[in-house]
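Order of writing sets the labels: A, B and C. Residues in every chain begin at 1.
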Amino acid sequence: MEFKEILIRPDKCTGCLSCRLACAAAHSRAGNFLGAVAAGEKPRARIFVHRAGGKNLPLNCRHCTDPPCVDACVAASMHTAGGGLVTNHDRQERCIGCWMCVMSCPFGAIRDSGEEDPRAVKCDRQCAPGDGLPACVRACPTGALTYGTVDQFSASSREEFLRKWLQC
Amino acid sequence: MNLVIVGNSAAGVAAAEAARRASPRARITVIGDEGAQAYCRCLIPEILAGTADFSRIILRSGEDLRREGIEVAGGRAVEILPGPGRVMLEDGREIPYDRLLLATGAAPVLPDLPGRELQGVMGFRDYSDALEAVRIAGAGAGDAVVLGGGLVSLKAAHALKKRGFARVTLVVKSPHLMSKQLDPESAGLVGRAFEGMGVRIIFGADASAFLPGPGGGGVGSVLLEDGREIPAGLVIAGKGVRPRTGLAERAGGAAGRGILVDSCLRTTLPGVYAAGDCAQVAGPGGEEAPWGLWPLAVEQGRRAGLNMAGREEPWQPGGVAQNAVRFGPLSVISVGRRGGEEVAVRRRHPAPGSLRKFFFRDDRLLGYVFVNDIRDAGLYTWLVRSGRRVPGLGRFLAGERLPLEAMTWLSGRDHILREG
Amino acid sequence: MKSHDTAVRVMLDAARDQGAETVWDRHAKQDPRCGFGETGLCCRHCSQGPCRINPFGEDPQKGVCGADADTMVARGLVRAIAAGCASHSGHAKHLAHALHKWAKGHSDHYPVKDEAKLKAVAGRMGISGEGMETRQLAGQLADLALKQFAEGEAPLAWAFNHLTAGRREALERLGAVPTGIENTIAEMLHRTHMGVDADPVNLLIGGIACAVADYAGSHMATDLSDILFGTPQPVASRANLGVMDAGKVNIALHGHNPVLSDLLVRAALEMEGEAGEAGAAGINLMGVCCTGNEILMRHGVPSLTHSISQELPIFTGALDAMVVDYQCVYPSLVAAASCAHTRVITTMGMAKISGAVHIEFTEENARESAQKIIREAIGAFKSRKGRAVSIPEISSEVTAGFSVEAIVGALSKLDPADPLKPLIDNIVGGNIQGVVLVAGCNNVKVPQDENFLGLAKELLARDVLVLATGCGAGAYARHGFLTPGAAEKYAGPGLKAVLSAVGEANGLGGPLPPVLHIGSCVDNSRAVDIAVAVANRLGVDTDKLPVAASAPEYKTEKAVSIGTYAVAFGLPVHLGVVPPVLGSQTVAGLLTAGVKELLGGWFIVEPDPLKAAEAIFGALQERRRGLGLASRPW
């Protein structure tokens, strides 16, 4: 099965941060937004919305093929699991929170869990019940985030689009 | 094809697995003198501290590797014969190879001082070192001295404190900690954190001798050059490592500080590659190697493994000094070099005592040091690694705004946009 | 499921077939909702914003100005209360003007209809009226009413005169004493402006004062409506879409104020002939939302539908006009009507909808514009000829009209000397475990009527008497809860016995309905009046009574304000939709717990109707124990 990706259309991002809340909520103990807020939980979002030059760029783990974070993990916690998912959620107990992966991710997609004994957390796709749509994709009101497989042939058009987007 | 790898650790395992992926049919053997289980070397402080046992720090068990079709041969290689393509083991076995990788890592350097042979004076590199330190702790030692202010020394000191040593003293020659990685201000934050943990730090001093304890046999104190004597039932010397170049050199291979390799990680010996802490990569970006860094050992190991399997491609060095570490609530990331212009951002949020320093020249980021506030570190690491010019960089850094340029570059990596 | 109302479900299919959009479609398009707004952590009070605060403790934690989560949530909440208060009291002011204009001779369309009520209200407000003519007394009362809107020197009389002494003291202790309605609203807008009040507790106290001002406005609206249009008495009618009649000119009256709708009821009677000339079998007036409640209570005009299903009558093809005044009127009506012949007619200069027919309605020209409106509807009826019509044949019997006077009247048949005694005796004896006022709207986030029905079934079966207002009463009307039969079906044995006894004594030949429709949403004041009367009779404060309130499907700012005054008067108040306050633990904690120490009332937030019923029942039992009465387990 081909690994599905969270596809990003930065031009559609309004910077509403809904994806961040949904991501955090999906990773809460309550498992839903209002429940987590009501319980005073502090789950961490694993998607970021950067703003630069007047543009918004939502960004989370790209699940790289040769992930620098896996190379960097000195604890054999971060790994590429079945289907290409780069994660440490199933090896959390091994993570010592040394931030080697945080230092290595070119997308800044890994962060600390904020717990007393912090661990590294990232997009781990443990957020997609039922319809299988990741929480951030479900939460995005504008379609800046979608979920699908990569069209290999669109790489060049992608670059073209990007160049235009960044230039204007 | 018969591929043999000496060294069952970061570089060795990465090489074996990459070679297996590239060449499903090749015969792959890993020789290691630390037993069949490759482990996470950087986590031996957890063993010393008592926060993990061996099973928790296994990198790949012998069983894991066998499942991938990789044989593991326990034993020490003592000689290589590049002509016939053979590795001789200490126990007399001979292992033939078509391609050989040396991933022998580095050995700790013990200072050449009187008393260095005393029990309890040790380096801190292997699982066995951690076990030995735990044994000495169990025998009731309450005083420990750690020589050196580098990363390994600090990790050791932190672990000793957690293990329950009542008095831990760091003896540091330079005027501040982690002098290779940190500027004095950041180092000061680290120093204060260690003092907060109850670790005593003596700066500007060095050991001159190790003195036996009352019972004989084991070490009892450390004598400093200035004449001070510090009680110590355990002395850990974190004063650098020496790449294990012997196998290559004895076979006539060239070595500088490490085994010399070209950009494809080939040594000067035919069919022999080297990767990881034992290797020194020639060419731009590689001069400062060997790095003594786990991620680079993995990267090099993987490249070497692929190349041995027949895909000769250069390793994109881009290697820079980079380290991340956390001691309890204190987090430190240091990447690249210091120098050039400097921008510092000090904050009380998200953690008290947060400090972010950036060093840049001609709109290129040379390096950075983050203390406590580690957000987005990787973005900056890759800005350093790429050596990319970002007009107006200083302004962006002061505002800690991801520069548009960096975004362009990030996006250009083809990873971000998955849709046209 | 979108609605528990079968007629609504039939019409939703029709809407789908017609390709029409409804509130449910728009609701779906709004998903996903913004979590910042949902938790009250989005501020747009100045143009440095919008500012958001991350409820999970991440950045940002403060607005640009430095407002933190507590300030933001409190400011948002009290602004909602101010808006609710402005709505109810705007409605009241409109009535005061009508009475005033009649009293001063500027309009003859609004004569006093209920002189007894005029005297009673005047008496409560300290006007003796001895030897005064009706018009003179009405003039004095209207003057006094209008003065309530401006800043006065004493506590706002229209609220404080209708509270127990204990309540007045409690509010004074807290510093939640409004001295005028509009200055209180204005002050809340001032205080929530950027850089004014940033103390969440202080803001909430201000909000409570504003809710008390809302109570004054609501009470005034009820009082003046009764004076002008008659105090409701039990009346039989029907409710739901089946009340439409294809052969008649179907006119829906939607909104809130009887100032318009009562006049239309009169005008319709006069214009039957005109309708006949147009080929209609008559004029069929029907109510939607609280306008519907006003004319149901006083004239037995059937209710068409309520709240979120307000667009659906249009899709029958048989609705000739939807006449609206203000509040809860979806602007979408115009789009819904665009493919039908239905005329959407706005009537208030301050509440227009672009695309609608506007026929300005003022107190002076009331009769003419009422006629004009009906004529417009007759015209639409004519243009309907030949078009397909499909009316779901679904409607329920309804008995409504339970004003305080009507209830007391019914009880007095049991004990003419002391009408409250039978009620109190039955509460003490346990036949009635307590009284719950169920109010508020439908909310598209809740399957329509689900919480209303679930809550009532649980409470009635446990001998809790239910009073209903607004669209809550509408829900019970459409589902047959406002009938004697419902007492047989839903009421527990104790409650059934009481309802039967009252019914018998009144010669109804059956029990009273177990849910008493006491009016529109301003008529929540009627429920407070009953509570105050019982409390005074018992010599306790209202915060001791086994009385609670619930807005299980609320949506409006008015509901927030009503809920707040109910809490201020010491009632446990259930909300079935989570209000946007979760972003501040301080504010949420104050509302659900802290305020109980200060005022005796508190909010119970519980979306699940069964759990809510259990919580409310528990609160009633706590009160019973406090009074030394026998309590029951759930």
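The rule we apply is simple: contacts are C-beta pairs under 8 Å (C-beta built on N, C-alpha and C of every residue); 3 or more make two chains touch, one makes a residue touch a chain.
What you see is a predicted model, and the numbers here were worked out from it, not measured in a lab.
A.B. asks: Specify the chain with the shortest distance from its C-alpha centroid to the centroid of every protein C-alpha atom present.
C.D. replies: Taking the mean of all protein C-alpha atoms as reference, the closest chain is A.
A.B. asks: Have a look at A-B versus A-C and report the one with more C-beta pairs in contact.
C.D. replies: Most C-beta pairs in contact, of the two: A-B.
A.B. asks: Distance between subunit B and subunit C based on Cα centroids, please, to the nearest Å.
C.D. replies: 71
A.B. asks: How many angstrom lie between the CA centroids of subunit A and subunit C, rounded to a whole number?
C.D. replies: Going by mean C-alpha positions, subunit A sits 46 Å from subunit C.
A.B. asks: Find the geometric centre of each of subunit A and subunit B from their Cα atoms only, then give the gap between the two centres in Å, rounded to an integer.
C.D. replies: Once rounded, the distance between the two centres reads 29 Å.
A.B. asks: Listing for subunit B: what residues touch at least two other chains?
C.D. replies: In subunit B, nothing touches at least two other chains.
A.B. asks: For a test of understanding, state which residues of subunit B touch subunit A in their complex under the given definition.
C.D. replies: 14, 40-43, 46, 56-60, 294-295, 298-299, 302, 322-326, 331, 333, 335, 374-379, 381-382, 401-404, 406-408, 410-420
A.B. asks: If you look only at subunit A, which of its residues touch subunit B in the complex?
C.D. replies: Residues 5-10, 48, 50-53, 55, 57, 59, 62, 64, 66, 68-69, 71-72, 74-76, 93-94, 96-112, 118, 146, 148, 150-151, 154-155, 157-162, 166 of subunit A touch subunit B in their complex.
A.B. asks: Which residues, counting only subunit C, touch subunit A once they are in their complex?
C.D. replies: It is residues 32, 34-36, 38-39, 52, 54-58, 578, 582-583, 585, 588 of subunit C that touch subunit A.
A.B. asks: Show which residues of subunit A lie in contact with subunit C when the two form their complex.
C.D. replies: 16-18, 20-22, 24-25, 33-34, 36-38, 40-45, 114, 138-141
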